[in-house]
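Shared chain: chain A. Partners: chain B in the first complex, chain C in the second.
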Partner chain A sequence: MSGATEGASLRYVAVAKRYGPLTALHPVDLSIASGEFFAMIGPSGSGKTTLLGITAGFVTPSQGQVLVNGRDIVGEPPHRRAVGMVFQNYSLFPHMTVAENVGFPLRMRRVKRAEIAARVQAALAMVRMGQMGDRLPAQLSGGQQQRVALARAAVYRPALLLMDEPLGALDKNLREEMQDEIRRLQRELGATVVYVTHDQQEAATLADRVAILRNGRVEQVGPPHEIYEMPANRFVASFLGEANLLPLEATQGERARTAGGLELAVATSDAASGPEPTLCLRPENVRLGEAAAGLGNAWTATVLEAVHIAGSIRYRLQLPGGTVLLARAPARIGDPVWQAGATVVAGWRPADAVILLA
Partner chain B sequence: MRRPRPWSPEAGYRAWIILPALFMLAFFVIPLGRVLFTSLSPADGIGLGAYQALFRDAVFSIVLLETLRIALMVTLGCLVLAYPVAYVVAELRGRWQRLALAMILLPFWTSAVIRSYAWLVIFQRQGPFNQVLLGLGVIDRPLRPLNSGLALDVGMLHIMLPFMLLPLLSAMWRIDRRLLLAASVLGAPPWRQFVHVYLRLSLPGVAAGCALVFITSLGFYITPALLGGSGTMMVSQLIYQQASRLLNWPLASASGSVLLILTSVLFVLYQRIGQPRTARRARPPVAGDVAEGRA
Partner chain C sequence: MSRAPHLGWRLATIFTWLLLLFLVAPIVMVVPLSFSGNSFLEFPPTSWSTRWYAAFAGSLDYRQAVMNSVIVGLPVALLSSIFGTLAAIAIERGALPGRRILAALFVAPAIIPQMVLAIGLYPLMVQVGLIGSFPAVILGQTVICTPLVFLAVGAALRGYAPSYELAAMTLGAGRWHTFWLVTFPMIRPAVVIGFILAFTVSFDELILAMFLASPTTRTMPRLLWEQLTYEMTPTIAAATASILAATGVLLLVAAWVGRRSTVRLDAAP
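This part shows the complex of A and B:
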């Protein structure tokens, strides 16, 4: 397969879904650019699958428009939408061989037999399953089935590819391998991808931009690193990576007091006029020992727990007044390590913490 | 010195198989063997005499063909009636599905004899069937469904319907509805979703239902005896006649054996070709396959 497709642009305009008194999705407005890899993440029940279903045509929205290249597709049945989709359970047809599965969308489009064979072979080669055409899905491993599902979704070169937790059923190592595969495939195809997952790491690895959903609302949209550094609220902060969230009781200028009674230096408290101002401090921004001395905020803390996790040490610290703080330090050979029970100076620069409004 | 064989779950329970095996031997294998033996030993010594006599007389062939025809009609009729019903029931949920199942199973629990008698009453010359048709003006003289074979077809259809419905339902319940969504997003309009996915995946149920209905229909006795009138006769009735009226036991045994062999052949055919290839090929190859030359 050569030559990338022009990815479709996708826009949701006030799209909402209600089931009787239940609201699965509050009005959502999102714009996804042509060729973008866009991930939607959120816990179950957040509305991400509903939004994907609306895009595929399985769910009729209660209101709003779904514009693909500027054209509203809400009234169209799924089979006319020309989107590709990869499902969490792969949804390969068990009675068809791998080649028949991949050829299915072409057959539905009445492509000539000889051309189907050639395009199926090319699509299978693209996902490195060229030798498996005669197998039945049940004879394949989970990772292989997912490759076939990818080939099947990509073989007719849809301008828009939807993926519903495609790696959810795979184990961790295979998942990481398949992430690379999906990213490569997307670049080759040039298609716009909307990718639903509940795994924030996966979203951050794959996506150009991420939307975080909760209770049927979009909480924040942006590039993963931007969301990580500047979360909009406590939910986003704790959903994307680990965070120390310290509720603030009072703020004035560049000083603030936490509910736990700590007097802090903050970069600015202008933003702290929200209903529940909270300080968000990422564990890797907490410095320990000599590095912490002389920072704007520094306390002598007691180590409650020190856990070595693949390359870094995760500390649970107790500050004066009882506040518990998470800290993460790289586990470099020769660096000091504090065991549980030890005391250590912990601190951070005021600029390394963000104040959240809600 | 004999070492006691180590206990294993398989070995421990395997011994119990002997009980049903003995039962089968006493009440199935031995009587069947006797039937086969009787069929091979007519008055003039051991041989195929009874079978020759059977096929010399055109009656047996005619009755056998008629039996096959009726079984085929009943099977096709059941399939046509049961498929849409099973489809709808499989789509139902919760209370409605339980209700529908109860309505399917209720007649199933009523004796076939009673249901055959009920149809006998309905199809009488003065029965409701004729009265309704006469009343509607569809016909101006009473029909004789009991002699035309209509009553027999309807009666057997009614009795066999659940045997078609239940295998169909169990196959349809197993169909993953998400596959239809997948087909739709891949470009299949509803009717092609049905043909390429749903129908194909329901075929094991169709095969099982057809085998069950066809093979069971071959051996029907009570219903044709009651509803067949004077026009139709099925093999089991012929066997009864040969055994009780003509007292020709070798002939009756030969007829029974032919029916048994026919049924067995059909069953083997079903086993060989009726299974969908998913069931046969989906199994990952195992070491034994190579040894047996199946790989």
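This part shows the complex of A and C:
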């Protein structure tokens, strides 16, 4: 398949969904650019699947508009939307062969038989399943089935591809392999992708931008690294990666006091006027031993636990006053390692911590 | 290893076989009776012959009754399959308010005593002038057979996620295509099984046939009932044994269809 499609632009204008007294989705406004890989993440019940269902046409929103290339598609039945969708359970039709499955959308579009065969073959080759056309879905592994599902959703070159936890049923290694595959496919196709997952790492790996949802509201939108560095609130901070969240009791100028009684130096406390100001400190920004000396914040801490995880060591430390702090340090050969029970100086630069308002 | 579980296992096996005997023996009782050489129904037969089968095959009454049962049974099975399938799809896939209550109502005719249904239907059929006709029996039996298809197809629909149909829709299939190309092939075994069950139940149904049929439209069970009251010849046993054989074959077909579909859907690599 050559020739990338022009990805569709997608805009949600005050889209909301209520089921009687229950609100599944509060009014959402989002703009997704043509060709963008956009991920929506959040715990179950956050509204991400509802929003995807509204986009595909399975769910009718209670209000708002869904604009695809500027045209409102609310009320259009799913089969007229030319939106591709990949499901977590693949949803390959069990009574059709792989080739019949991939040819299905073309058949629905009354494409000629010979052309269907050629395009099916090209689409299967694209997902490296060129030899599997005659198999039944039940004869394929989970990863192979998901490749076929991708080919089926891509064969008619939809300008918008929706993916609902497509890798949720696969084991970890296969998932990482398929992530590369999906990203490559999206570049080749040029389609706009809206990708729903509850796996924040997957979202960060794949997406240009991420929306974090909770309780039917969008909590924050932005590139994954930006959200990681500047989370909007405590929920986002703890949902995306690990974070030390220290509630602040009082702030003045560049000084602050935590609820645990620590006197801190902070970059600025101008922003600390929110209802529940909290200091957010990522574990990798906590420095230990000599590296911590002379930083704006430094304490002698007791190591409660030290766990070696794939190339880094995760420490649980206790600071004076009982505050527990997570720290992560690369496990380079020759670097000092502190075992449980040892004391170590732990510190961070004021600029490395962020003050959250809520 | 102690002997106790071994003994328990043996007892359970023996009990299972006894239970099976208890359930099946009365059914196969008619087989020796049908090969009796005696002139009356008595057990055990003192001589053997196949003349009652000849009598059964040669009887115009029986032929007519078998014919009537087929004339009634096929439309009953067809109508039940259509109604039961549509109802199951509505309940399992539709966003209906009160679907649990509706589902219970769809199953109700199979559970409530058929006498209640018969007594209710009789004056109604008289009123609309259908009493004694084939349509009367067909409609009546469709009421009790629809739940069978409804249950079979409902179970099949619950057996796979609705995402298959949603996938078909996003791929460009309208409701009609989605039903014929995706839903129906996936529930077809259940529909076939439901059809066969409905036909067998109709073929065996007596109470509605007694209330709603007439001597010209009487079905096999009704004829057998009438025969039993004044003529106790082993022809009845021969007729019954023939029905038993036919029913057995149909149920085997249903089981085969069910197994085949399970194998296909479950075949993991």
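Throughout what follows, the second predicted complex is superposed on the first by the 358 of 358 C-alpha atoms of A that agree within 3 Å, B and C clash if a C-alpha of one lies under 4 Å from a C-alpha of the other, contacts with A are read in each partner's own complex, and residues count from 1 in each chain.
Note that in this section contacts are C-beta pairs under 8 Å (C-beta built on N, C-alpha and C of every residue); 3 or more make two chains touch, one makes a residue touch a chain.
Note that the coordinates shown come from a computational prediction; the quantities given were computed from them, not determined experimentally.
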| item | value |
| --- | --- |
| Room on chain A for both chain B and chain C (clash or fit) | clash |
| First (chain B), second (chain C), both or neither touched by A:P105 | both |
| Touching partner for A:M85 - first (chain B), second (chain C), both, neither | both |
| Touching partner for A:R328 - first (chain B), second (chain C), both, neither | neither |
| Chain B versus chain C as contact partner of A:S141, first or second or both or neither | second |
| Which of chain B and chain C A:F58 touches, first, second, both or neither | both |
| Shared chain A surface residues [contacts with chain B and with chain C] | 56-58, 77-79, 81-85, 87, 89, 91, 93-95, 104-105, 108-109, 136, 138-139, 152-153, 156, 162 |
| Footprint of chain C on chain A - complex, ascending | 56-58, 77-79, 81-85, 87-89, 91, 93-95, 104-105, 108-109, 136, 138-141, 152-153, 156, 162 |
| Chain A-facing residues of chain C, complex | 161, 163-164, 166-174, 177-178, 181-182, 185-186, 264-269 |
| Chain B partner contacts - residues on chain A that touch it in the complex | 56-58, 77-79, 81-85, 87, 89, 91, 93-95, 104-105, 108-109, 136, 138-139, 152-153, 156, 162 |
| Contact set on chain B toward chain A in their complex | 176, 178-179, 181-189, 192, 196-197, 200-201, 276-278, 281-284 |
